[in-house]
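Each remark here refers to the structure printed beneath this line.
We call the chains A, B, C and D, going by the order they appear; numbering starts again at 1 in every chain.
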Amino acid sequence: MIEAKPHGLTTDEGETVLQRYRRVRRATEELAEPLSPEDQLLQSMADASPVKWHLAHTSWFFETFVLAGLPGERPPRADYALVFNSYYDGVGPRIARDRRGLLSRPSLDEVRGFRREIDDRMAAWLDGDRIPADRAALVELGLNHEEQHQELILTDVKHGLHANPLAPVYRPEPAAADRSSAPAPALSWSSFDEHIAWIGASGTGFSFDNEQPRHRVLVPAFQIASRLVTAGEYLAFIADGGYRRPELWLSDGWAAARAADWRAPLYWDDAGGAWQVYTLRGARAVDPAEPVCHLSQYEADAFARWAGARLPTEFEWEVASAHRGADGALAESGALHPQPASSEVGPGPVQMFGDAWEWTQSAYVGYPGFHPAAGAVGEYNGKFMSGQLVLRGGSCATPRRHLRASYRNFFPPSARWQFSGVRLARDPR
Amino acid sequence: MIEAKPHGLTTDEGETVLQRYRRVRRATEELAEPLSPEDQLLQSMADASPVKWHLAHTSWFFETFVLAGLPGERPPRADYALVFNSYYDGVGPRIARDRRGLLSRPSLDEVRGFRREIDDRMAAWLDGDRIPADRAALVELGLNHEEQHQELILTDVKHGLHANPLAPVYRPEPAAADRSSAPAPALSWSSFDEHIAWIGASGTGFSFDNEQPRHRVLVPAFQIASRLVTAGEYLAFIADGGYRRPELWLSDGWAAARAADWRAPLYWDDAGGAWQVYTLRGARAVDPAEPVCHLSQYEADAFARWAGARLPTEFEWEVASAHRGADGALAESGALHPQPASSEVGPGPVQMFGDAWEWTQSAYVGYPGFHPAAGAVGEYNGKFMSGQLVLRGGSCATPRRHLRASYRNFFPPSARWQFSGVRLARDPR
Amino acid sequence: MIEAKPHGLTTDEGETVLQRYRRVRRATEELAEPLSPEDQLLQSMADASPVKWHLAHTSWFFETFVLAGLPGERPPRADYALVFNSYYDGVGPRIARDRRGLLSRPSLDEVRGFRREIDDRMAAWLDGDRIPADRAALVELGLNHEEQHQELILTDVKHGLHANPLAPVYRPEPAAADRSSAPAPALSWSSFDEHIAWIGASGTGFSFDNEQPRHRVLVPAFQIASRLVTAGEYLAFIADGGYRRPELWLSDGWAAARAADWRAPLYWDDAGGAWQVYTLRGARAVDPAEPVCHLSQYEADAFARWAGARLPTEFEWEVASAHRGADGALAESGALHPQPASSEVGPGPVQMFGDAWEWTQSAYVGYPGFHPAAGAVGEYNGKFMSGQLVLRGGSCATPRRHLRASYRNFFPPSARWQFSGVRLARDPR
Amino acid sequence: MIEAKPHGLTTDEGETVLQRYRRVRRATEELAEPLSPEDQLLQSMADASPVKWHLAHTSWFFETFVLAGLPGERPPRADYALVFNSYYDGVGPRIARDRRGLLSRPSLDEVRGFRREIDDRMAAWLDGDRIPADRAALVELGLNHEEQHQELILTDVKHGLHANPLAPVYRPEPAAADRSSAPAPALSWSSFDEHIAWIGASGTGFSFDNEQPRHRVLVPAFQIASRLVTAGEYLAFIADGGYRRPELWLSDGWAAARAADWRAPLYWDDAGGAWQVYTLRGARAVDPAEPVCHLSQYEADAFARWAGARLPTEFEWEVASAHRGADGALAESGALHPQPASSEVGPGPVQMFGDAWEWTQSAYVGYPGFHPAAGAVGEYNGKFMSGQLVLRGGSCATPRRHLRASYRNFFPPSARWQFSGVRLARDPR
């Protein structure tokens, strides 16, 4: 089910599996570097986890799903399953999800030691060159899993630091930072005719089980927007009473907005009379040209209705993304926030990969013929196929290598702490 | 958007609109007949409404969406919008949904008077024969709306009476009732090849906006079961630890089952050591041959997984239902409970219409090109297209005329108080 | 523990026990007369019960605690314990308190029949004249219990009718009603020196176990106000920011006020720009001279602090009430709402009995040497001696016979649906 | 209101205020020493605070209530009021109480620096010898406040570490620890006749405002137990169905016990078939001779009822404590857990001070004539006089100097995380 040979928007050619393993693991640790042990314990809501927990859980994953079956292998800390298992019922009981912030022990130093121990064992084994295909696939799964947690580290610590009234900063803005005031390029539409499309992973590199099987879908004619919706456009929605007009909202969305008193995207604040946005580099004025993000799907949907458009289906998005490059900001850019679209790109939609995940109207369900893998690892994706919506594309917190056109991210429609934005679609005129 | 000429599984040929109006309205009132004014005030949870409220709300609907625009028309009780508007934000404020059980006033007699007043006005107008097409469509919408509330009257009062420790009965079992012990017919499968199917309302009779536009869908090859899952089959699932094995459940479903301590379908009780089921005719032993019902979609999904199958998509269901008749128990049967499948029917699936609604795996979303109607009536369906799943078919509480192959019922996956059951599907072998 | 010979503010001299029984029971039924069967099913919150439930529960009480031990006695409806037992764990399981509004069955007619059946049995037995003292005490307990439920019938149905946006009326204002605009008499203070007082029931008539044992208490010097706080005085508190100034409030009170967004007493509404009050006779303008009521103890305490005073202790109140008559409005007055104090009374505090219950600062705990009765009837009072505050005096909904100086009413500090008001006290100047 | 000259169970004679200040502050820091920065961020429930927060808050208290009014004084970190103000509305807005665990910043190092800065300022000022009496009283208040937080540091970190499935240890048991198996001394009773007692602070040393004014109370005759209830006695209560018998419980207590599924004191666990207790030194077998602690008042009350006794009033306790020494384990003992009573002490109750706080049946309210201090410091005690019960005595986590016979501790009846135990009282036989 899981392909052994990795691929993504960039290739890893010339790299051994061990080199790749080391590079991905190091990238995780670099994300934790600006953070104190205390910062790395923050858990500001049940959906978010402490950074330290991410560091440990990803290591536990390699131990449990890759190393555990090797001859002579015994887990260095069997009791860690109690605290670093995320949700695998097949593996056993565990700490409640909303209690991870209480894990002052093991200490960050101990967690780092645990990571090193797992890395040493992985290295000794990957160096041996006699890796069977099924285990190689699990290594690749573990690396993609780790990349997902790299993104979560950034979104979770952003949420945690923002909960502090002192509003601490993750990384300060570089001294030379200079925010231009260029407006966003005008919005245009790309049109697609009705046709039968192949949807799902191509089979030439790694993909998750939820991207499979590749199958045929009849996609009706549609149009899709040339770029993400901007903060400026969203400000117009707010100014036009967007958060006060029930006719613009889905019933559940209106209830959620009223219950939590939403008046703007998460991290926006107009306390001082002008809209500020809290970013991983601190608070600053909202730039009208930058993509709006940290929206729930309910808000994305209401905005689209207000704009006379709609959210795309995930199939439309996948069709439209064919042959598009990764021109948006990804994790490697160090931007840590979505960037305005360039006005210099040619025809066809831009920002398809990067900047902000794009909410679709598609429920997250299995493709025809979908079957999860056998064993506990089969809990990875399948059991979440209820109550969630698909997001496509990738964000400024996603590693470049992690993405591909068939990639399906998914969150409940009320979730706002991810870098989630909007691309409009509409029926042909 | 709404077709003026009604159709369903049976035709109404030879009937005038007024005759049809009177027949549908009378059917509603007959459902209330066994119930005291106190019974008709019961509201046992926010999802259910008092019978009296259903009687009044359906009348308010005709006043508000049909009569209100007529020359000289003034609502007989303008203040009733405060208490009998269900969810139309475009019409104004209203009592909270979970407070409808506090409407001791207007009294049942006053509500009946209100119904009569609306009926008189409707009759005077429908008798006039100069009804424009758009208003005729709204009459038809009002009648279909009323039929939906007929079903809700039965499901809501069942839930309300069951909340009483004295377990009162809606209608006693007829004296001659004789429950046979014939086993259910063996399960078999019908196979369908991949093809492009037309999905949605045909346009030759009434349909709701959510069945439109009719459009083409590529439906992969599939198999569908010959009848509904039986109580006996479900007992085997329970006996095999179905409610104790997380690997059988979606993550949200497992959480819901644990939170509410589900151990059997709603209305089942094994307090005495043998499974009893509470029905509108009182409690009695579970009949292994009858369809299991009052399941959440989570339970339906877990059962299907346990059985090595899956739930159908709504498209598969619609394809399979073509040319199938209404051989299941419908409201007109007076059965008030799903009935065992007959063992004498020929090839092809039975019980497609009636007995119990059939959970699908399809999220309730708009069809390509869907647009709700203008004005408050546009809130009828569209704003609920989030977080709900489609059910197909119909139940023992649905009027025969109300159903058709394209009909889309929808409820959240946790809902259990409807007559909701399971038909299995699977990928081709 | 419970005295057989009844007393109160009026004597029942010349009445046989049977005559008294009939009079009290009839008074309960008269309270229900203006209400339809539907009205009598209303339950607008867990603390309130349907009127029909009160009718049945009080009858069940006589059956369970008086008749049940008689030779040959069998309860007419043994299953009613499931639905009409209030909180006696010693008697067995029962419907959840907040589900009593779901008891459409037994019908009101059946409940009336049940009352008649109990009344017939009681009459047959009370007529026999061979009543042992312990059972006579239980009859008296049952009658006092019934009188408590008479008050609850009024407060509960008021809450239930008020929940209806149509704001129905319990009893219309008499045609001749003419609200005078006389101002309330000026507030003065009565002074008491430190002394040792006897507190608790005198033993010459009926009293509840929580008024016993009579015991000595050292009561420091204090002053007490001549009348209840008026609506006009409370309006000044509101106008002075009373609901916006945390320094006036107890910590729990401030939290409760913020959580429920209290801005005025329960049943007050300034939607139209002028304060209206909802009463059992409908909504009308607030009369500045009438006592403020439907306050929580938190509000009473905050008002007292704002006024430079404090709430009395229950001992101070009992001392001050000696030799005061029942000059306030009681149930027999038919006023159904607290009335302005008369300006014509002589020295000494007025309104000590009637109009509105008076919050004290005293926690509801047992007196020294308190022991509840043996058996389930011992659950009557004792188990509630935690988390509640004592109120003294009586209200416009209390029967005259029910009250005495030692009477202890009790509710949680957040409760507002009783006729609860404020009398100020202060330390000597 | 607050006396300038400190006293307690031990005298501080010969110490300057500065020496005392330094000693108390140092003691706080020693409590934090075994804990990592991550441990010091733990907040396992809203009632508990992180150790780091305690370190900072107590310093903020000196800055705000002592230093702030001095000429030229400016707070070193004005923004710390946002995060280290506990509940003083008069000082301004602040972080929600249940979010203190999200304060990864300021770091522990920064908080230590803040403490040093405050200490330097206090030292410079206290060294000057021209301290006016009102400020000296505030210094003493600040030191007593700090001692209260010393106890909270231990109870809060115990709760936080216990939330970790790995059950880390605060301080390991000393190598030589040897738990004897001596049984507890037999229980006996001391008798007191009815008399008028002086209750409240004597005025010869520091006391909190809630111990004042000293006043006369008539205390009826009573008997009080010679020692705390032991774990062995509590085990008998459990074995006798104590947690399953509603007749033993107050109504609110039974509801709380059922809602949280209490089956034993907090920190007790019988998972392995034998009762274990989690202590600050790790988990070990329950010693039947040691005092039971970590009980709610509801459990203490139920136990007393089961034992045919009752909880003492706070006045009884204060009368009984006269002339009793501090023979129980206090913070200075390093025991970190209540210790068995010695069998060698003479007549009169032992363990009155130390080992475990003793729940009383007395509501926490102001004494006659009580007035809080002017300004924000007046919020210290008074606004909590609602819904809480008084505990008397002191515990193994209380500094010896902090206690006196008139000391009133207070918590809601449901609180279990303090070192709260039971001493029985009863009416004379």
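Everything below uses one rule, namely that a residue touches a chain if its C-beta (ideal position, glycine included) is under 8 Å from a C-beta of that chain, and two chains touch if they have at least 3 such contacts.
Just so we're clear, the structure is a prediction, and the values are computed from it rather than from any experiment.
Between subunit A and subunit C, the least number of touch steps comes to 2. Averaged C-alpha coordinates give centres for subunit C and subunit D that are 38 Å from one another.
In whole angstrom, the spacing between the mean C-alpha positions of subunit B and subunit D is 59.
The geometric centre of subunit A is 47 Å away from that of subunit D, both derived from CA atoms.
Shared interface positions of subunit D, i.e. residues touching 2 or more other chains, are not present.
Here the chains touching each other pair up as A-B, A-D, B-C, C-D.
On subunit A, the positions that touch subunit B within their shared complex are 87, 89-90, 196, 215-218, 220, 246-247, 249-254, 298, 301, 361-363, 365, 368-369, 379, 383-387, 413, 427.
Within the complex formed with subunit D, the subunit A residues making contact are 36-39, 41-42, 44, 52, 79, 82-83, 94-95, 99, 101-108, 160-161, 163-166, 168.
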